[in-house]
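Notes follow once the structure below has been shown.
Chains here go by letter, A, B, C and D, matching the order in which they are written, and residues are numbered from 1 within each.
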Amino acid sequence: MRNPVPDYLHEVSDACAGSLGGEVASYIPELASSDPDRFGVALATVDGAVYSVGDSGVEFTIQSISKVFVYGLAVLEHGLEDVLEKIDVEPSGDPFDELSLETGTGRPSNPMINAGAITAHTLVGPSDPDERFERIRAHLSALAGRELSADERVWQSELATSDRNLAFAHLLRTHGIVTESAEDVITSYSRQCAVLVTTRDLAVMAATLANGGVHPVTGERIYAPALVRHLLSVMLTCGMYDSAGDWASAVGIPAKSGVGGGIIGALPGQVGLASFSPRLDRHGNSVRGIEVFERLSHDMGLHLMSVAPPARSVLHSSRVEGEGEDAVRIYELAGVIGFSGAERVIQRIADDPPQERVVAFDLSRVHSIGDVARRMLLECLRRLRLDGRRVHLVDEQGVLPDPDLGGGEMVTPLRAER
Amino acid sequence: MRNPVPDYLHEVSDACAGSLGGEVASYIPELASSDPDRFGVALATVDGAVYSVGDSGVEFTIQSISKVFVYGLAVLEHGLEDVLEKIDVEPSGDPFDELSLETGTGRPSNPMINAGAITAHTLVGPSDPDERFERIRAHLSALAGRELSADERVWQSELATSDRNLAFAHLLRTHGIVTESAEDVITSYSRQCAVLVTTRDLAVMAATLANGGVHPVTGERIYAPALVRHLLSVMLTCGMYDSAGDWASAVGIPAKSGVGGGIIGALPGQVGLASFSPRLDRHGNSVRGIEVFERLSHDMGLHLMSVAPPARSVLHSSRVEGEGEDAVRIYELAGVIGFSGAERVIQRIADDPPQERVVAFDLSRVHSIGDVARRMLLECLRRLRLDGRRVHLVDEQGVLPDPDLGGGEMVTPLRAER
Amino acid sequence: MRNPVPDYLHEVSDACAGSLGGEVASYIPELASSDPDRFGVALATVDGAVYSVGDSGVEFTIQSISKVFVYGLAVLEHGLEDVLEKIDVEPSGDPFDELSLETGTGRPSNPMINAGAITAHTLVGPSDPDERFERIRAHLSALAGRELSADERVWQSELATSDRNLAFAHLLRTHGIVTESAEDVITSYSRQCAVLVTTRDLAVMAATLANGGVHPVTGERIYAPALVRHLLSVMLTCGMYDSAGDWASAVGIPAKSGVGGGIIGALPGQVGLASFSPRLDRHGNSVRGIEVFERLSHDMGLHLMSVAPPARSVLHSSRVEGEGEDAVRIYELAGVIGFSGAERVIQRIADDPPQERVVAFDLSRVHSIGDVARRMLLECLRRLRLDGRRVHLVDEQGVLPDPDLGGGEMVTPLRAER
Amino acid sequence: MRNPVPDYLHEVSDACAGSLGGEVASYIPELASSDPDRFGVALATVDGAVYSVGDSGVEFTIQSISKVFVYGLAVLEHGLEDVLEKIDVEPSGDPFDELSLETGTGRPSNPMINAGAITAHTLVGPSDPDERFERIRAHLSALAGRELSADERVWQSELATSDRNLAFAHLLRTHGIVTESAEDVITSYSRQCAVLVTTRDLAVMAATLANGGVHPVTGERIYAPALVRHLLSVMLTCGMYDSAGDWASAVGIPAKSGVGGGIIGALPGQVGLASFSPRLDRHGNSVRGIEVFERLSHDMGLHLMSVAPPARSVLHSSRVEGEGEDAVRIYELAGVIGFSGAERVIQRIADDPPQERVVAFDLSRVHSIGDVARRMLLECLRRLRLDGRRVHLVDEQGVLPDPDLGGGEMVTPLRAER
């Protein structure tokens, strides 16, 4: 059997291929010479499967997509609190190349605009431009799962036309936000932007974010879950510049684009996505890339605000086995249990408490239990025991590990009779 | 057994009760006289269970929280496309009382700032102020599940100090965004803001958003799923004014606050939340309310970007029953299957195709299947059949309804042997 | 002999008549119906002579030109200090219909933009709209030297389209800059703008400013000299909106334009000028009016920064009459003597003191002496006397009145020998 | 006799010496070390007399005062039209260190803010920083009347803290307003700002502007009259940054300040003024300097909008000499005759034409005649002749040169009988 996923990506890609609008970024001479017809799409699952079509193996410069990961690296090195003192996380409503500094402090609005990204860049590693770039290159390589390098020609070309970024660096220096040589900073920042990646690389990098910070292929933990939540939030509110609101509504996938033509998107717990097509709209976002994401979001239900389809009841059944003194009330739970599911079970038991002296919870059909649901269920078990019941668990696969009810008491496992 | 959920809410509430910072809104005389110590918290599940603690039955004015629902009503009446021509959905980075109109068109940045909310208000119903208010009151009542009414004293008091809103209405008229009498518009808008709700009402209203647009108690469909996605997106990027980015990162729940002291939050598929405490910070958000939401988000894992805990494998087991010609390859699936899960199953089968002539999918342990996953699995079945296999389903509970493989072929159900 | 001044005005007017660019103001329906070809030019001297050509007797609405005089009236009623607390005098660099309020205080940038003019309007007289208008009408009438009245149709038309001004009034109320009903304020303000004037009226009104505040025809003192200096300064820096700098450089005449098509200009000590042509450029200034002023400034040397032509020496001659003990050193002064002239005389005497015991100053050829020059010359005389000289004055026409040298000593007049 | 002018300057200086508010500029380390108590005042007449008191011979850095003259030099080299394409002349309402570029074009608002001054700097001479500085140094030296040089320590110190200016230069490069290396440009610009001048130098430089562009001491013409008018206009509207309106109203002297503590002022046709006191207010203007200028303006009547004292009639007398056919109507004119004076004479003659056949104009008491007045009087003479009169002039001193009446006719001089 041929896997239908690539076929589906082909379909999406073919449907968008005809979008010929937009212009290749021209402000950097070397970028202007990219082939405008290149087009690649890739998708990486949190399990590490990578699907891709078109020019997904062609290298291009990462540009602003690097902002997400270098900001992540800055937080890794300094902690979120310290970084927030230098870079805010508010959408500015401004284009990417607006200065958008906070009045008084000079703090950039967020790390996705250039001023914020330059500041994040200076927070990484030592101040020597070569060493700093090496640190960043290594981080991006760890995310891509292969050794990356910068395109020297693009980087030099970019540096020669980096007046706006140099201006930002100088202005950030006047506020003490940046303290190093503006020239040094923009030199290594330009190099950061010129790191070469493929669409497949980007999908894998995005999948690390989708996977809670663990690289889906290498298994390496790169970011803590809390940092990933933060990065995804910043991407959602600030990643698409002044079309952030439109993107959040229409696509609903935390994303980031770059003027090289790439876009990445990460849907928590689901997939990392990437596209590459150099023709850009006036916001600086890839025209075909946007269309790809809109289709993927729409067709695949990959919208952050999508409500999961109505699930079968978490309390799959409630029955009594045995009679009289031996009667056992068996609650059979099923599916993925989060706060809502646990609440439903508990509410039912609180409303209609078991008459039997022995109560068993059969978790055989349970797929997974969230942290808060686990604590809620354990509290439910503890309260039943306080009410004088004997409580047992049927949990061969350990979906409710360490069933400690407080005070060292453990729930007695009950061998399923089935 | 006593339900531990109220206990938990009490815990959260007690932990936040000590936050005495902030000031009661004073720009409206009537608001200034509210009791600053009132404090209520409520939680409504998508099943319609409502938990609440403290002053959650006390009525207060809905204020800006109404913006979400009246915007929703405007979209219901005119369609999203027409409404977007008058109100954009971009975070402005400005406080709620900034004008923030788009240069040239005069289009307000988003429906959560006053200029946008006033515009949305004018899009509802007939232009007669009483009839318009009645239409809005009825909509809010449907959401609350009970008849609501406006506080006449607050409304009059607000109208008497509504110079800023009158200014906005006049400016919107100069751009043709608003076409009716500024005085009429602000009269009924002030009345909209003065509708009295309890914390419990708000939690139920939020739960309708969390529940994909279906009222969790009455079962009435109020908004289509696509509109709910849109409303939640707008709440996330624009709902907390100029602290939208901070909120998205720290709390991660689409939310909206009002100067009456209320905050609502809706986590798709999970819960509706509401808090009430009149003391506000300088952004106009309830001080204790923010703390409540931070704790609920943190303690209950209610963050939009939270990655679900690693689930047990969707492909629960693969085994062969029978021998030789009669051998049947049985794939047992489990849990909630979305795109990722379907992809995992398909990839496994594509990589390691069954050798047997008969293939059965046992869905007995499957909790639910998403739309795209359903299509992917059907495509997988279709391809297996094209490869010459006979394919059967074990699906007593119909989690994969209408298993049409295209061309009218249906998968043969197989009675589970278990 | 026919006076050539009207001929000259005709020449200027004919030269500009061909300028057909610009559009009649259309935002007020009644204005849109004005005859675009109307064209009048008028010039009033500080002696009260008025010259005019073309449609200079046709009435049109004064519009923003009233801002100068109503601001003057507000200062008359409250004193400059109090008025400055409500209206600043800084050019805003913004168009006339920008809000341009000072951050924090809400103080309008200057009284020539609408927000400042509305504020000035509210400072005049009683708050009753009819009484306030009457006070303003009377003031403008005193300046024009005839009873003026408002065009009721324009005023009503303007009121019906005054959303922007209503918005400003409401916003000014939020800052406490305006405290009265926004509707009342804009009603009487619209009426102020609709006062009907002719080009001749405006020239006479401007001539009052050129004449240090004294009406050139009636002789009534309307503004104190210090207030006139202030009004002219504000006109120069703020009167032509966002082309103030260009106007100051190219024309150099303190001026004010109105959307009715009028422009006034006042050159201190020289003339009041006015033009009328309804077609406006994008700044809202009359196209032909600007050309008229540029020609008048250029051809007539009417630029504020023009340096007067090199004057003949103030110290016309120095000679000795008589001999020995009777020798008298006679200094003959001439022309208009200001600081510079006085300094020149004094320097010469200090450098080359008279050897004679008797010194006479012959002022027969002196045209006028400024205040500071007078004090300087008297000090010079006093010092000569301290040095032991006898000092006499020849001043039949009293250009140096009360020649008190301090301590009660008067200079002895000397009968001119001529 | 001792010249009282220095005594007067001493008086003003003593009255202001007690103003101890303000702070020495600290953003440049070398400036921070200046002696805050230094205080000098100087006054230069258009005849080249220079008066000064206090530390008026102490050198300090010219800083922003150089902007006026380097802008003048740029216009000299390129013409006003070309320079206006790169630098506008509108007051921005912003502080000196705001960027204030025109949307779209990137053109700085005016040459007195840093962005405009940097642009003007780049328009001077060759792009080599040393050669450009030399050209500027030479120009400033010509204005001062002595060889000036830059303070190397201040310049280096300034360059080391010039991030804001470097940022501006880079941003101006992105708009193509500046095309040279930002580092080179700011290097020579910093050097320009560090040129050492004394208060006396500045007064002389200002006097060149007051004198219509002719150096009052060397007699060299440095700027054409039209350029001087332009420079003075720009100083008046833009020279005192965001207190331009206040300055124009309260002082009324075109002026420019520098953070070194200097202020210059130039009153057309009158005097050049300069003060030096390093303590600055929050706008960056010298505190004692402002007080000095306010006193000089007030006490000496040196306000641009001051109306000259009422002059004696220009038409000094009108009499008839002789009888019958020999009767001669003699009009005796007097004083300084500008447009207004000429108009007065002409109006009188037009209203009450001479009955005599011979008319003589006695100009013996006339001090000077402006260009337009000259043309008006000649036209008057021509018309009288057309009316059949014989016209004679009494003009021994040639105040009305070349009395050509058109068509080659000259007025017959008449020997004065006196």
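Throughout what follows, contacts are C-beta pairs under 8 Å (C-beta built on N, C-alpha and C of every residue); 3 or more make two chains touch, one makes a residue touch a chain.
Because the structure is predicted, anything quoted here is derived from the model rather than measured.
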{"item": "Farthest-lying chain, centroid of Cα atoms versus that of chain D", "value": "B"}
{"item": "Computed distance of Cα centres, chain D from chain C, in Å", "value": "20"}
{"item": "Centre distance in Å when chain A and chain D are each reduced to the mean of their C-alpha atoms", "value": "64"}
{"item": "Rounded Å distance, chain A centre to chain C centre (Cα mean)", "value": "67"}
{"item": "Interface hub residues of chain A, defined as touching at least two other chains", "value": "none"}
{"item": "Contacting chain pairs - touch in the sense defined above", "value": "A-B, A-D, B-C, C-D"}
{"item": "Chain D partner contacts - residues on chain C that touch it in the complex", "value": "1-5, 8, 45-47, 49, 88-94, 100, 109-110, 210-212, 225, 228-230, 232-234, 236-238, 242-246, 248-249, 252, 254, 268-271, 299-312, 334-336, 338-340, 343-344, 346-347, 349-350, 353, 365, 367-372, 376, 379-380, 383-384, 387, 397, 399"}
{"item": "Complex interface listing, chain B residues touching chain C", "value": "163-164, 166-171, 173-174, 182"}
